[in-house]
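Two complexes are shown next, each including chain A; its partner changes from chain B in the first to chain C in the second.
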Partner chain A sequence: MAISAPIGLKAAFLEAARTKSGLAATAMLGFLILLAVLVPLLVPFDVVRQWSNPGQWSDNPKLVPPEWSEVFTGKRQPRTVIIPPAGQSGGFDHVRVSFEVQGQNYTIVVLKQSFDFQADAFPSEISLYMTTMFGSKSPLVRSWLTRPDGQEVQLFEDTPSLRASNVSQFRPADVITYSLTYPSFKDPSYQVYANVKQWLISNNVTTSGEWGELFPSPTGFYSNPPKAQVLLMAQLNHSMLDPRTAQVLKGKYSIRFEVDGFSSVDDANARAVVFGTVYGLIGTDDQRRDLLIALLWGAPVALAFGLAGALATVLIQTLLGAISGWYGGAVDELVQRTADFYLIIPTLPILILIGILYRPSLILILFILVVFGVVGATTKVTRSIVLQVKEEQFIEAARSYGASRGRILFRYILPRVMPYTFALIALTVPAFIFLEASLSFLGLGDPNLPTWGQLLGNAYGAGPAIFYTFWWWVFFPAAGIIFTTVAFALLGYAFDKVLNPRLREQ
Partner chain B sequence: MTGGCFSSIMGVVWHLAKRAIFLVITFILAIYATVVIANGGGRVDQILKDQIYTDLKQQYARNPAFQRLPPQEQARQFNISYNSIIEAQGLNEPFFQKSFRYTFNALQLNLGRATQLHSSDLSMRVSDIIFERLPRSLVLFTVANVVAAVFGIWLGLWMARKALSAFDRGMTVLSVTTFVVPPWVYGILFILIFAYVFKVFPAGGLTSVPPLPPSPLILAFPPLIAAGLLGAGYVVYARLRSKYRLVGFGILGAGAALLLVWGLVLPADYFKDMEWHMILPAAAVAFSVFGSWSYTTRNLVLQVMDEDFVFAARAKGLKERDVLSRYVLRAASPPIVTSLALTLAAAWTGAIITETVFQYPGLGLLFYEAISLFDAPVVIGLTTVYALLLVVTVFLLDVTYSLLDPRIKALRR
Partner chain C sequence: MPTLDVKNLVLWYRTRKGPVHAVDSISFALEPGQTIALVGESGSGKTSTANAILRLLPKNVLRYDGEVEFDGQNVMELTDEEFRRNVRWRGISMVFQGAMNALNPAVRVGFQVAEPLMVHYDVDRDEAADQALDVLRKVGLPADIARRYPHELSGGMKQRVVIAMSLILKPKVVILDEPTSALDVMTQTNIINLLKDLKNTDRLSYIFITHDLGLASELADLVGIMYAGELIEVGPADGVFVRPKHPYTGKLLASVPRLRSEEAPDFIPGAPPDLTAPPPGCRFHLRCPVSFEKCGWSAEEFIAQMDLLQSSGEAKDKVPSIASMSAKSPTSLLIKPGANGSVSDFVQKLNAFVAATSEKNRFLKSIESVQGKTKSVEVKLYETTPPPIVGTEWRAACWLVTEGAA
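The block that comes next holds the complex of A and B.
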């Protein structure tokens, strides 16, 4: 590295920022820093702490692409529709009648709400949630779906055994979920299929025999049978039996619950989620989590981790390199041999070992990385620069007025080295970001904090086929990492151009 | 003259011997550090002991004869077997003593037995497992790095010739930005693009499943011969006088024809299938490495271009291309070689995630499998082999450096 005319840190900064790549780097880093500042305000840390809590994300559709991806398919994709419980705006209409016949109390509760469905594709799932409150006897709960063509299909019939004491509050344990999309054989919602079969046969759409071929056995899902939500929301003709040909019936649907209770205290409340096939800006993962949150929070985490690691290692390495070059002799030999030694140690395997054995937190990972980077390439570069600076006249001048060696090192030599140090910091940040990403990818990162590497690791862990269908899960975290590291690489390059004038002009 | 030559050779040998001794010491220390960390201060030993304990418990629980014995006798027998196994595996020694034994064994490549993993012929010996996989990693990463180096140096020379043009600026930014990103990130993107969107390459693995029957090994070589022919054809075309250009075209055409014949006519077999599966990982590695070659080459060449001897060469009326290749590149090569020690060294250990992403069954994927199964002997063995590979790489670079740089001979005399 050639030493040009003395250039201060500030001057180097200003000049680097004026080059084209420096300008691009400044813009990219400015965007990232803005993001890092705004994200904690926009998405509070509390949300991120819920990242590994599956209950938090149950209202999001599972593994769906971002909303804007419908541009590629050309079809209007449905958004998630949530019908909140009665008592909230837009919630179910709640009618409750209690009466007495021959000394026996009866209560009838009707919950009804409609939603408009205008998309070109079927919803990905439908779930109905119900809370009931009753006396000694379980009420009878029934549910219907009314279609825009006037057809009414009964969904299921159940006698709940869970009791809720207060209807206005949904306590998670008291909620029964009727999943119309993934009903299990023991679940009352499995009746949906039987009811749909009845309905279709009575409308001459299918025959019992054909239906038997679609559903080979009660538990047999191996022949890709039509999903309940497809049958329920398709135009009523024979094409609806094949998910590839089924046409969406657009218009106003309504969901109705009826509770027939056998005491005067019976009451019920309900909630419905018609899951869309697209979500948000980035989409969701297999645990229904909004990837946008992790993607946004990845920026401050990556920036902080990369900067802290790079600052610590490069500054330590610079100091050691300067000491090595300035004092020479045994100190020099010791530092240089240690640097050679560190070069040969297989750092990543050892780091992975540590990760497996101790499950370190993000801070501890950072600390270990710094320990493994106290000497290295920067030490060698700094030493060679110091060896050149040492011979210059202003050092001679400082010596002649009696400055101590430590004073010369800190007041005269280190300031000359600093611009190079900052170039090296900018070039080291990507290495740290990728080290963290590598560990997270292998599942050895901090499980409480979503990082870009962790998203990639999750996607990879869900199966190699994930890269095909679920591109948004892979592409955006990878793009985030690349964007950040490229910004730092460009900054380092801009510095390099300023500090090595030969690269600038001939 | 002969004396000077002799002493300069002695100087090089002395220098290399010193480096070798230093590297061996470093290697031993690195292995010792690995042994200490891999055992986690006795943690892995405890895991192993627990495993032996549960295995033995289950074994005895299934034994009806053992169940009929009185409890004291049961306990006595259990302890005897347990202690003998512990002793046989050397788990009862204090860690300090054991660590030296482990290090000494590792240095002899006497790596012991795996606890879970095995090679494809079901050998549980760690060295068998590792040496089954080592050639695959060596081939993949050597090919990728060589391709990247050749392409990078060529690109760097071209950039230096057109210094400060739009091409140079664009390529510099491309080089600078691509080499900070490790191969596994490109791997993920390449799989996404080439394996799933365009479906031109397999997404991963060593071969198709089930593997195709192997044909003679010789059929695996046409691509290499074709690459050689293409390179030679280009050189003949570009370097020689115009009347030989036809020869150059001929060689180029022969190379292309061989490639076509290999690709389309020759039947698919095991090796061809393997090469087909290696293209995407090799491309990912090469794409993340070539930038450092081209950027370093460009900068060093530009620095050397200002030297007096280059002016002299130009003044002699040599063609610019010859000045570049004979004078500039020769003088710039030692620093290029050194600055890439790091790249190569990083490539070895970086293989862990790259191979995992591609499910390529080399050393890297073995490491991943071993750590997920807590197979400590395999992990220690692999780290040993990695350290060995690093040491050998660094030493080879030292040798290359001292052969290339005349100043070393002068300095070390």
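The block that comes next holds the complex of A and C.
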């Protein structure tokens, strides 16, 4: 024996871990495994299950970069401020007065809360949510924003109609609930624009003509609506009309709702969200989803998918290859010809077809991949190794003391082949991760579970411009895929170096 | 009753060049506690004999017959499965050539030794390992070796492990196929002493295959000399080694180098014959220093030897000039005299040359008659058959022995 390859799996692994690439691979894989173990504890699976539910993410800003990206812009970017409903800590102050005048009941509800705004940029959006309960008569609902410079701007004024779609009547109580969301409902949001326009004109900032030029609405709809959050929170001068020149008015803002009701049952509650322009560690996508959650969950999903797929296919292929090489004859012929056949089957197009027809879950995709990978290149490699091993003397020795063919296969031949098999597994994992990413990218992955490929697919689906502007949406999932595949590739090379004497250094 | 009685064992392989006569009609008997050393050059069929006895046959077997009586039963009649279960390892075990390769590198030594036990009896792993420990102790290895892998052991230790493996089922016959060939001299001696002890305590019979005559003389009660697939001499070790009957045995013994001797060791000219077409008559006659009329020269061999003689410088002048030679039948050939020599002249010259040099060029002895024809000379050679192996306790297959006995 010249330069002997290490014997057994443990020895091979230990030696592989000692090479430079093996060391790097071990560190990277260690990190990934740690992540995979910790992620379910940090981010419960329940959160991920809500990935496709838009209601879950409505409090996040839309399509914003990570918080730390403000280091590059040099400006202090606003974080999202949520003012919770009355009754919760930091929520709206709630004052309700009911009184009776000449036999008529009146109720006045005031909801008020302030927030401090010190960022160098405008918020990306402002959302107001309000729920009013009333009796048989519609109340008057109004809302104002008070600015640090003392200006008070009315946002909207509404009288809920009983026939409006956003009114629901609860039985048996004679109480009607009305919810109002800004800017989701056209009418109130247009009111906001009208109110802002009126306020600016009365402060001599603009004229009706200029407003009409800047924000044309020939059919009654704004083709390029003004950014209310900019106008409301900019310093009051002419520059505020252009979002590029508008300067942020820093200080204490306050939001106030008032309900003038005509019964004794009237009440109201409200919620406000001032959306920031940065979010979390990774940012958000176009559906306001926190990409960090998907990125973190991508690690265990990719690891599990890649490892399970690689383990299953390589082990089955190894076993069949070993059987083929060891028993020879008709078995050999059958396995090898099947392998030839499988090798020419175009797996990806078939998977795409299945994906289009059935929208399979991740487990089903894995199963299909394993079915299409029971024989293949590894079968051929293993067979050639076995043909070599079976001529070795310890096999003849085993035969001579009467070991059965099956026993020799499992106790003598497979242990010899295993180290090579593990190198192959390490090198096959990236292939599976890429395959899953490709399918997800094409929109054929599991719709219920976010994967790195799916994030990339979503980013691509949102339009090609995404690659230039919304870098965080593309960069992090791509980095995740590359990191994992490189880790396994390095491990594979380390194994290869140890097991292939010709590649050994020195 | 002998433990092992091999009668006319034949094993031929099929190859593209034709059948290989690897084992050709071999017979010997082995009493309990007796050791036979099978000695011969590489490729003489020693290992094939062992494989034939243990029925470890490759796929290209052409002919496999004869009788192998083990404990009074002809095991050649058993089916493969019966043979595997009842004879292999339980009756006859084997120590393989090159211990370092005969051990499974992925299995710990203890379990390796226990393997045959688990294969043959329904013994669980731990119990088998316990028994393996006993055998390891018996071959002089410490118990902690059982937990090691083969590559962690020295050559001598590995050899002991392989011996332990061969003993675990308590066989009656152990085939030792060059058990010491890759070991240094000290380790060799240790192993041989171990084998001797085991033989005495367990009354084991050994078939000791080696090309080392020194070791063979240490261990063997009987010696079998193999040449070109045949057993050409079998007899008691003290007889064969001291006063060999077959010329090949003599040359073999003379070729062993000795310490503290000025004499250069002798050697046998030529190479072992091609076993796809073994020479007629005695297979050794081409290289034999004492071959004579009956030994079996064929016309082709005669022509080849004559050509060789003509081209060799020293005998050039003395050899009658020859234009061409052609074989007419296996035992006759035609020679055309060269240099315008007349036929009668040539006959005379040839006869003179034979008379002068036949002691040196022994193939010339095979000439029975030389007859002048019109343009050529017909040379007739003695017809012959392979020499039978004769004798009872001490047998040899050589016409010299047969003639002497007759």
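In the analysis below, the second predicted complex is superposed on the first by the 464 of 506 C-alpha atoms of A that agree within 3 Å, B and C clash if a C-alpha of one lies under 4 Å from a C-alpha of the other, contacts with A are read in each partner's own complex, and residues count from 1 in each chain.
The working rule: contacts are C-beta pairs under 8 Å (C-beta built on N, C-alpha and C of every residue); 3 or more make two chains touch, one makes a residue touch a chain.
For clarity, every value in this text was computed on a predicted model and none was experimentally measured.
Trainee: After the match on chain A, would you call chain B and chain C a fit or a clash?
Mentor: fit
Trainee: First (chain B), second (chain C), both or neither: which does A:Leu456 touch?
Mentor: A:Leu456 contacts chain B only, not chain C.
Trainee: Between the C-alpha centres of chain B and chain C, what angle is opened at the C-alpha centre of chain A, expressed to the nearest 10°?
Mentor: Result: 50 degrees, to the nearest ten.
Trainee: One more residue to check, A:Val486. First (chain B), second (chain C), both or neither?
Mentor: Only chain B; A:Val486 stays clear of chain C.
Trainee: By residue count, which of the two partners contacts chain A more extensively, chain B or chain C?
Mentor: B
Trainee: For A:Ile108, is the partner it touches chain B (first), chain C (second), both, or none of the two (neither)?
Mentor: Neither partner.
Trainee: With both complexes superposed on chain A, which partner does A:Arg416 reach: first (chain B), second (chain C), both or neither?
Mentor: second
Trainee: If you stack the two complexes on chain A, which partner ends up touching A:Trp471: first (chain B), second (chain C), both, or neither?
Mentor: The answer is first: A:Trp471 touches chain B but not chain C.
Trainee: Considering the aligned complexes, could you tell me the closest Cα pair distance between chain B and chain C in angstrom?
Mentor: 14
Trainee: Which chain A residues are contacted by chain C in one complex and by chain B in the other?
Mentor: The answer is that chain A has no such residue.
Trainee: Could you pull out which chain A residues touch chain B in their complex?
Mentor: These residues of chain A touch chain B: 2, 20-21, 337, 340-341, 343-350, 352-354, 356-358, 377, 427, 430-431, 434, 437-438, 441-442, 456, 460, 464, 467-468, 471, 474-475, 478, 481-482, 485-486, 488-490, 492-493, 500, 502-503, 505-506.
Trainee: What part of chain B is in contact with chain A in the complex they form?
Mentor: Residues of chain B touching chain A: 22-23, 26-27, 29-30, 33-34, 37-38, 40, 43-44, 163-164, 169, 172-173, 176-177, 179-182, 184-185, 188-189, 191-192, 195-196, 203-204, 299, 302-303, 305-306, 341-342, 345, 348-350, 352-353, 356-357, 359, 367-368, 371, 374, 379, 382-383, 386-387, 390-391, 394.
Trainee: Mind pulling up the chain C residues that touch chain A in the complex?
Mentor: 54, 56, 84-85, 88-89, 93-94, 96-98, 100-107, 115-116, 119-120, 149, 151, 162, 165, 169
Trainee: If we count contacts the way the header does, which residues on chain A are in touch with chain C in the complex?
Mentor: 1, 4, 7-8, 392-394, 396-404, 407, 411-412, 415-416
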